[in-house]
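Below: one structure, written as structure tokens.
Chain IDs A, B, C and D follow the sequence of writing; residue 1 opens each chain.
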């Protein structure tokens, strides 16, 4: 019999649609002490930059209602060291490896992509465009359609690996961003990254995070993620890896119905290190309960194309 | 494989102002815990777990004691957990104090506020090894003082309060001069205190237990890093710490 | 002795900085059965349009993690009826009345503003620009700086009452929006309105809300509201009425520190009909606890102007 | 002035599959409640309150009984509330059935699933007034049937299940033909059932109790409107309802 959880995406043949989200799983070593990583559909590695980065000062995380803020600041040993020490560790497991590509300049993104292109064990790239472009006044690559398209094109040229562009939700029009990167050659989309937020620490009377602002993640942002995937799905033809607040197999189904082809789980790993495998175990029963033969069978089924009654809230 | 541990709450006691003592029962955790390690505790209604030090271990009845101050919503919720219920815990996490490497000798323990708890199990363990343990414990005021008798039962103990409402008035570092010679020191408490302690005792080998806001609590999210003087340049408090050699980290 | 809670804003002399948010308090009648509305700093009425509106089909609300989605659809009896029956009811209380102005065309907004201008008991207008502009393809007035500026200018011309423009958070750059409406003559800002979200109902396999999308409100969005107020405050000189997930007096202080001059409480009224008065009672003690002499004394005190270390999350 | 009510949970019983009976004690609420009104209950960890009908009232011991089905996170959480704890409640909310206006006569009650609870207190009240009460109660399957004996103690009661696993098989409307004449009907249940009932009984005066997703529960947020045939054009279920004259609303 065929595996009802299997999903085939550019560069990825997934035994199931569940993968840990970038930055919430490190390079897998710690969670490998909790379960066999071969159970995962794929693993998205923590962001890689051209050279080693120490990231932001601490505090780097804050708790919010049904969510959290983080401002890690892309701390990582650099793409070369990651390929030397982390990729081989993950390659020992029977799962797909997705490399999260970041940088401060287009040149840095291209260098990281080129370098990962040499790593046979890396199956695909996730392009993290939620970073400030230092050469253009620090405005995020991911909030400007032209910049996002340009960087997608350059990275595509630099690498033969399929490229999933990770969209930032901090935009007026997510559909325009999605179409721009699709036109620029993206093989898939990954959405959503965190929403920019802040918490002020009353005793010290200043922002709690040393970086002042941080990225909001967790259940709090799920309705925004579902809405954005639902809208984007109706305007692009490339697959979507959906994420944002997922904690349960039912919520995975909600993302599939909204149009995601696979999902990533981030913040929930901190609360429950076993959440990914627990979701994978429960997913078949949930699909059955709601009448779906397979993961693929559910993708986009929740979309009502009639928009006639969309109005002001 | 590591796993989430369910720990049975067998006793909840208020031992000082805003300070709770909780006894948790779980064989696996109690048999493996060493001084300085912590539990990463899931608190109902909260996204992130709360790190709390292991303050004492009783291997005979498989229990672990934690002591915590109710400062915000999470610890208040934790304090309201009823005896008989279960807590979802990750742990024991982190690297504790290097008890095994310490030879019988005179050692100084310096704790401040919520930094005092991990020192109790450390004091007991070092005393068992034949160390002569001297403790300096700092609290805000008289009302916050806890475990004085327990520490005194182990060795000479100085209590210091910010306002002098009990014991010596001032900072823990103010009494260091009164103390004779000792070979090693161990300290846990707020960052300013650790900085002062390290400065005062720069010529003595020492170990510091650090605090930082945490996400995963197991080394995966990079929330809790501390700059170090080695070539790597940083360490993760939840994984490589919370205990570090005093000269190893940049405070 | 002077009232430490008093705040003076254009057109509004508030005995305290707390007011119920538009749409979460109707026209006050229901909550007047729970407490004396004279205790409130002000009351922001439910949105008014040019003519009676029946709003969206039901379901109109959905619960989310630490929040809710709503798609009421501006149901209201129309500005004339509101002035005839609702304003007089509220005028009997010793508090300020703010009218929330909405519409589908610039002409409708202008008509509503002109009409409220005739109502002596209305102290100020809150311009709800989170509505789709039917004449320009349904894009929200509040997501385009030029449209937002244009409508602000027109409404200012149509009315002598101070105008607080209510900003939509569904934008890439909130500061540009704020500057645009300030330049167009806004007397103040009100922020934030809801974030567009969606929930999919698994049993029926379609969006739960009849309107498909809805506005996300409640504690879940507080970090986004605080961040936007914090950013905007550093670039405008007009006062800000802050809102988004407020439930406690501590959270009111957080908004003040971020730069809000006063606050509105919305969703929390549904959980606790007495929340506004309870906050007002607790606020003096909270100000004292954190060392502030008055509400005004706390405004903007949490802002660190040094942004040197802002980086990618 | 109205206020939030704290209600003491004096009894929690499982009375059928996924169905809970809960007895709540509060003088003010119990002395004022009328059949058809509801309680708007705050559930820990949930943004919105949950509306639940008043199924029975005992003025002598100041208690109110609610019956609810655990369908989602809120009702599951509510079902886990322990006896002895307190619930934060708004109510009694809404306008109930017009018991006072009903003359002694034969009346028909038609309930479906979670629409059955409000009909029980209504049945008792009408019987007290000397009405001859006939009840038709629909459930999914045998396992979901509840309060059969209680209704039978009041008058002739027909049980209908979707799959025929108990009582008559089919829909509540299938048995209406077997029932003799009656002057008024009262119905509560899922929308499709109410539509069918109203269609079947279009020549009989009737009252329908409606359900809708709610925000405030008191008439302020306009979440729960239902189109009406009057000049206003709509009514709020939480405030003007949940009970309406059958011809008044557009289903």
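Criterion: a contact is a pair of C-beta atoms (placed from the backbone, for glycine too) under 8 Å apart; a residue touches a chain by one contact, two chains touch by 3 or more.
Keep in mind the model is a prediction, meaning the values are calculated, not measured.
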Both chain B and chain D are touched by which chains? none
State the chain with the largest centre-to-centre distance from chain A, centres being mean CA positions. D
Taking each chain's centre as the mean of its CA atoms, chain C sits from chain D at a distance in Å of 36
Distance from chain C to chain B - Cα centre to Cα centre, in angstrom: 46
Chain A to chain C: how many Å between their CA centres? 33
Hunt down the residues of chain A that sit against at least two other chains at once, touch-wise. 64, 66-67, 70, 72, 218-219
Spell out, as numbers or ranges, the residues of chain D touching 2 or more other chains. none
Given the complex with chain C, which residues does chain D contribute to the contact? 1-4, 42, 46-49, 74, 90, 212-227, 233-234, 239
Under the touch definition given earlier, write down the residues of chain C that touch chain D in their complex. 23-26, 29-31, 33-35, 46, 54-55, 58-64, 66-68, 70, 72, 75, 218-219, 267, 269-274
Chain C residues within the chain A interface of the complex: 56-57, 64-67, 69-74, 102, 130-132, 138, 140, 143, 170-173, 194-200, 202-203, 205-207, 210-216, 218-224, 226-227, 230, 245, 250, 253-254, 257-258, 290, 301-302, 304, 307, 309-313
